[in-house]
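What follows is a group of structures, each given as structure tokens.
Each of the two complexes below includes chain A, the first together with chain B, the second together with chain C.
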Partner chain A sequence: MIIRIARKELTDQLRDGRFRASALMVGALLLVSLGAGWTQVSSARAQLEAAEATARNHWESQGDKNPHSAAHYGVYAFKPRLPLSFVDQGVDPWTGTSVWLEAHRQNDFLMRPAQDASAAQRFGTLTAAGVLQQLVPLLIILLGFGALAGERERGTLRQVLASGVSRRDLMAGKAAGVAGALALLVVPAALLGSAALVLGSTATGSLLARAVVLAVVYLTYFGAFIGLALAISAWVPSSRTALVTLLSLWVVNGLVAPRAAVDLSGWLHPSPTAFEFSRQIEEGMANGVEGIRPPDRQAITNRLLQEYGVDSVEDLPVNLSGITLQASEEFGNAVYDHNYTELWDTFERQSRVHESLAVVAPLLAVRALSMGLAGTDIEQHRHFATAAETYRRDMMAAMNGDLAQNSRTGETYLAGDELWVSVPPLDYEAPTLAWVLGNRTVSMLMLGLWLLGALSAAVAGARRAEVGP
Partner chain B sequence: MQSQTVSDPEVTSQAPTVRPILEARSLSKSYGETHALSELDLSVAPGDIYCLLGPNGAGKTTTINLFLGFIAPTSGQALVADLDVAEHDRETKAYLAYIPEQVMLYRNLTGLENLEYFAALAGKKLEVDQLRSTLVEAGLQSEAIDRRVSGYSKGMRQKVGIAIALAKEATALLLDEPTSGLDPKASNEFSALLEGLRERGVAVLMATHDLFRAKETGTRVGIMRHGRLVAEMSTSELGHSDLERIYLNHMRE
Partner chain C sequence: MTIRTVFRNEMRLLAADRVLLSSLVLFVALFAYAIANGFAWVAKQEGTVAAVQAAEEERGAALAAELERIAAGGDPGSPFRDPRAANVLGGNLGARTVVLGPGPLASLSVGQSDLLPYYYDVSIYTNEQTFLQNGEVENPLNLMVGRFDLAFIIIYLLPLLVLALSYNVLSGEREQGTLALTLSQPVAVRDVVVAKLLFRALLVVGLALGGSLVGAAVWGGLGAPVRLALWCGAVVTYGLFWFGTAAWVNTLGRESSWNATVLVGAWLGLVVVLPAVGNIAAGILHPLPSRVEMINTAREASNESVNRRSELLARYLEDHPEMAGGVVDDVAGTAALSWAATEEVNRQVEGVAVRFDEQLSKQQALVSRYRLVSPALLAQSVLNDAAGSGDARFAHFEAQVRTFAEEWRGYFVPAILAGQVMTAEAAMGRPEFVYSEEELSVVLGRSAMPLAMLLTLALLAVVPAAIRLGRVRGGG
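Our next item is the complex of A and B:
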């Protein structure tokens, strides 16, 4: 019975010119955004691979030089983009995807497209995530607002219920009908996306698992919207009221709540401006932080002289510069750790506020999950930034250690290719799916609650719906 | 409250001699202080066409809505094949077909598709040939069967409504002003269809303003006013002028 009702709903929708026009538009936008995203990600991956090779080549062939000069020469680290990022670019345009690793400094990320975007581009970027999160719900509203209210107004609801069909079956059939109409739009896009994933990248099990969970997340979101549209259609007296109510909810979900979440999270957990943050680092470098003072070159010298039982630095079996540079490096690391840990924690607290606000807007939950699964959320940016910083520190320790151990104080020392090659390239492993989902339990819970609540409201609405005059 | 038998000696009310399909027992429906229906007692047996007459607000549509289970009674019972509608909503629907003043169909579907859909909702799976013959039997021109109903006249939609009742093989038919707005030819065709259903043993309860149609088509007539059945009579020995006179007398009181 449910399938029969769904089939009729689908036929009815397909013969409706308004549905065909809106579905065509949303479908075209979805395909274009997927295509554009894929092109962009493929091109970025190709550039990244080329840049990585070039950067590595530069590092290995920099010629003979002092290891500390090599440390200042530095290397670039590039955040690998997961293939699924073609669906959702997340925070990447704002955080950047590459960082220059050099001595003494934990640099900001580079390659931030948002930095170069015009004002118009900031609001008009077409992404598949945007279409899925904003426009598909709008289409669901157009498909569902008249499900019961419209039938009641036209008088067909009396005819249908007089036939003996149960209200629950009727509602389930209508939900399946809307889902079927939507599937005509989403399934081809999903198939194209899957084909692109399989053909265009190394489709690992982990990637496929992420893709499956991403699909489940969006299906849950659409399911919640279908339930919501049917519930409102059943509960309110007219299809016009249903449409206005649903459009109001859409505005709150898609426009008001995301903005309010940014403001509220920033108010609850303020983060420093770039200028302020830079000033805090400078202050820490000059005066130290939390009892950690800048290294005292004289104290280090005295300790070494005592340790090796010699009277002058020239007699030391190690290079004092290498030791003090490493001490300076470690002090800088402590200052950066102090400030960056606080900054990252603030971002994470803000992220938690966003997730919690999903109780009023499911988009916030689906957005957090979508970015997480695409590997483009702030947590995975932090994961890579931390890995890059660890790599930088290991590299600096290797350079300073080589200088300290293989030369004497005051001596001119040049290291060669052997040292550069001994520093392995950054081998970054993206977090596992379990790690991503572990960060997003609140969003999963919220999304699940939205689905459950919306479907329950739809069933309750079907039971109570007036049949009309 | 028992229905009042009119005092006119020319008019008699005949209770059905066989077990009724539709039966109202002290059926009442109130909305706050407003009594839409008060203590209605009536019964409609197989082969009976019971016409409910009365002005707007008399309680005719409320009676039909109670039999359909669309509203719950304040007191009393609406029974369909001895089953209380309030307790057996879905079971009783299996016996019923319903044709409102405007048979509302899905505009984007053809007559055939509408019939197939409503028959399926009633649990009847019919072959296309059966669906076509049912529509033709209901009086729909065969060339209209595969056209979308958005282009149908009211009379054509009523015929699809009859076809739905035929396809469902309902034993009771509830009609709410079915001939309102139909031209005389279409009304006559509709009456002929009803007569056919009556001969098959279908029990028909029809709310109408049309005294002529009630006299011509009905086997019994009930007059309602202010939610009460104020008169009930057999049409077999009733002339047109008698029904009009009795009706107007009750409306003046």
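Our next item is the complex of A and C:
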């Protein structure tokens, strides 16, 4: 029986010109956004590879130098783009794309692509994620608002129920019909996207797992919206009221709540200004943090003289400068850790505010999950920034270690290519699926609750729906 | 007479309509939230500007004290911290902080001000790469979504209120059968519909203008009456566009639900979809060359520079004066050598920057062309410009910073190359930056085109609506 209702519902929808037009439109936008995203990510990846090679070449071929000069010269690290980011570019345009790894400083990421674009970008760029999060729900609303209210208005609801169909079956059939119509649109796009993913990149198991979970996330979201549309259609008196209510919810979901979350998160967890942040770091460098004091050159000298039993620094078997540089590097690391941890944590607390507001707007949960799985959320930006910083520290330790061990205090010392080549290139590994989902428990919970709540409301609505006007 | 009767009638209807009343109340609440956000944002920016300026004064005082100490026979400690050396004074020790304060109506529109840098330290090392530094420390997620300011309400939400109030302004009368009744009176349909729309327009646009005035007043925006008038002009024209569209759709003689669908579709297309499609088209048709090229060029230039070693050594010694003995024998002249290398790198980076900017201006030309088809994009550019939070004001600031950096170099570089000692007077008389705000005529001139285009779009809806309204007859 459910199948027959579903088939009837589907046929009705396919005959409806309004659905056909809007489905064609959404389908076209979905295809364009997938294609555009794919082109952009591919070219960005190619550019990154070239840039990495050039940067590495600069490092390796810098010629003979004092290791600490090389440390000042440093290298650039470039943020990689995961293949799945063609579905959801997330915060990538709004974060820097490269970072200079040099002595003494943990630099910020440079060059936000958004800074080069005009204010028009504030309207957002067409991405598959945007279409799936914003436009598909609208389509679901169009499909579902009249499901029960419309039948009731036409008087057919009484007839159907009189023929012995259970209310629950009726609702299930309606849901299946809406889902079927939607599937005609979404399934080909998903297949196309998967094909692009498999053909276009070295599809690893972890990437495929991310893609599968991504699909499940969006299906859950659509399921929640189908439930919501049917529930409202059953609960409210007329199809007109159902449409108005659903559209209002859509506006809150897609426009009002996401923006409101931005300012709310800033009120709740204020982040420092760039000026304050650099001040805090200067302050830490001057006076220490968490009880760690700036290194004392004289104390280190005395310790070394005592340790090696010599009277002057020239007699030390190690280069004092290498040792003190490393000590100040380690002190600087503590200062940076203290400040950056606080900053990143603030950002993540702000993200948590966005996620919590998913109580009123499921889009916020699905957006967080989608960015996470595409590898374009703040947490994964931080993950890369941390990896780059760890790499910088290892590199500085290698430079200072070479200076300390292979030269004497006061001596003019130049190291060569061997030392540069001995520092391996940055080999970044994206976090695992479990790590990504671990950050997104709030969103998963919210999305699950929405699905459950919407479906229960639909079932309850079917049970209590008035049969006639 | 007619207008007053219709207004009184509409007022009664409105007072009885719970849904409409509550959505109006909701809008007032949203306005209040947006005004509070705008206020907080400007307060934060003003606070930052004050802190940055205070820090600069502190630095200036420390510099003066140090100069006095040295004049009294004190030892500067190291040649790399000696304020009498031109490269040190013009470098980080005497650097000036240049600041762009929030725009005159910044509390109304955050615009680009959360993204673009509004303060820099200018020294002899200021170059194209300086402008690539990130602006404020801001959560990228918040940048991506954008802020809940008045401009957001006006651009996105106001049209929805307009449409909700007027999608059935004529069709509803016909469906209820009241149209025939009205027509039996000695009034023209056009007058009744216009009066109904006028009532709604006064309500909605009045709400928006009132909100804007309050929002501007909370942070001294009333002191910029011309900009405020420009802002209000954009709000009224944008409102006119949506009311005109609703009126026009009503005259097509279809039922209310059809009107609603078409109007919501138009809103979705013009406000949400079209700008997003335009942005992706701009990115594909005129992709920006990677900024990475600029970095790599700078590094290659510094590698190839004949004075590379000297420059690196000099920089090295600036950081580590205590090691001077161990690394080089001859410190004298490194400042001039270092400057030569810096200049060479700057020249090459500028070459890349010029190529980049050419491509960028192509992309922006495309953006400003497709802006013409979306009233939302047009409204956004006028509102941002009026508020002083648009791209243009930041570009204006950046251009002044560039000029100032040149002046700064002109002041110090000859002394660096000549190895001259800077006197205390020369140090205290180093160039100062004074931001000159954009001329109002420039702002108005820039907004004239988008505003005229917005008005044209509005008239394209209003005129046919008015013509068709004159022909409406009663009946079902």
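Keep in mind that, in the parts below, the second predicted complex is superposed on the first by the 466 of 469 C-alpha atoms of A that agree within 3 Å, B and C clash if a C-alpha of one lies under 4 Å from a C-alpha of the other, contacts with A are read in each partner's own complex, and residues count from 1 in each chain.
Just so it is clear, a residue touches a chain if its C-beta (ideal position, glycine included) is under 8 Å from a C-beta of that chain, and two chains touch if they have at least 3 such contacts.
Predicted, not measured: the structure shown is a model, and the values here were computed from it.
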*Return first, second, both or neither, reflecting whether A:Arg4 touches chain B, chain C, both chains, or no partner chain.*
first
*asked:* Looking at A:Leu138 after the superposition, I want to know if it touches chain B, chain C, both of them or none. Which is it: first, second, both, neither?
replied: second
*Decide which partner touches more residues of chain A, taking chain B and chain C as the two options.*
C
*Is A:Ala327 in contact with chain B, with chain C, with both, or with neither (first, second, both, neither)?*
neither
*asked:* Quick check for you: in the superposed arrangement, does A:Gly164 touch first (chain B), second (chain C), both or neither?
replied: first
*Who does A:Val467 touch here: chain B (first), chain C (second), both, or neither?*
first
_One more residue to check, A:Thr156. First (chain B), second (chain C), both or neither?_
first
_Contacts of A:Arg15 with chain B and chain C, given as first, second, both or neither_ = first
_Using the superposition on chain A as set up above, list the residues of chain A that contact both chain B and chain C._
none
*Touching residues on chain A, where the partner in the complex is chain C*: 18, 22, 29, 32-33, 36, 39-40, 43, 47-48, 51, 54-55, 58, 62, 65-66, 68-69, 72-73, 76, 78, 90-91, 93-98, 100, 103-104, 108-127, 130, 134-135, 138, 240, 243-244, 247, 251, 255-256, 258-263, 265-267, 271-277, 279, 297, 321, 343, 346-347, 350-351, 354, 377-378, 381, 409-412
*Which residues of chain B touch chain A in their complex?*
65, 68, 70, 90, 93-94, 96-98, 100, 102-106, 108-109, 113, 117-118, 120-123, 148, 164, 168, 174
*Name, in rising order, each residue of chain A that touches chain B in their complex.*
1, 4-5, 8, 11-12, 15-16, 154-156, 158-166, 467
_Touching residues on chain C, where the partner in the complex is chain A_ = 19, 30, 33, 37, 40, 44, 47-48, 51-52, 55, 111-112, 115-116, 119, 132-148, 152, 156-157, 160, 164, 257, 260-261, 264-265, 268, 271-273, 275-280, 282-284, 287-288, 290-292, 295-296, 299-300, 303, 312-313, 315-316, 319-320, 322-323, 325-327, 360, 363-364, 367-368, 371, 376-377, 380-381, 384, 390-391
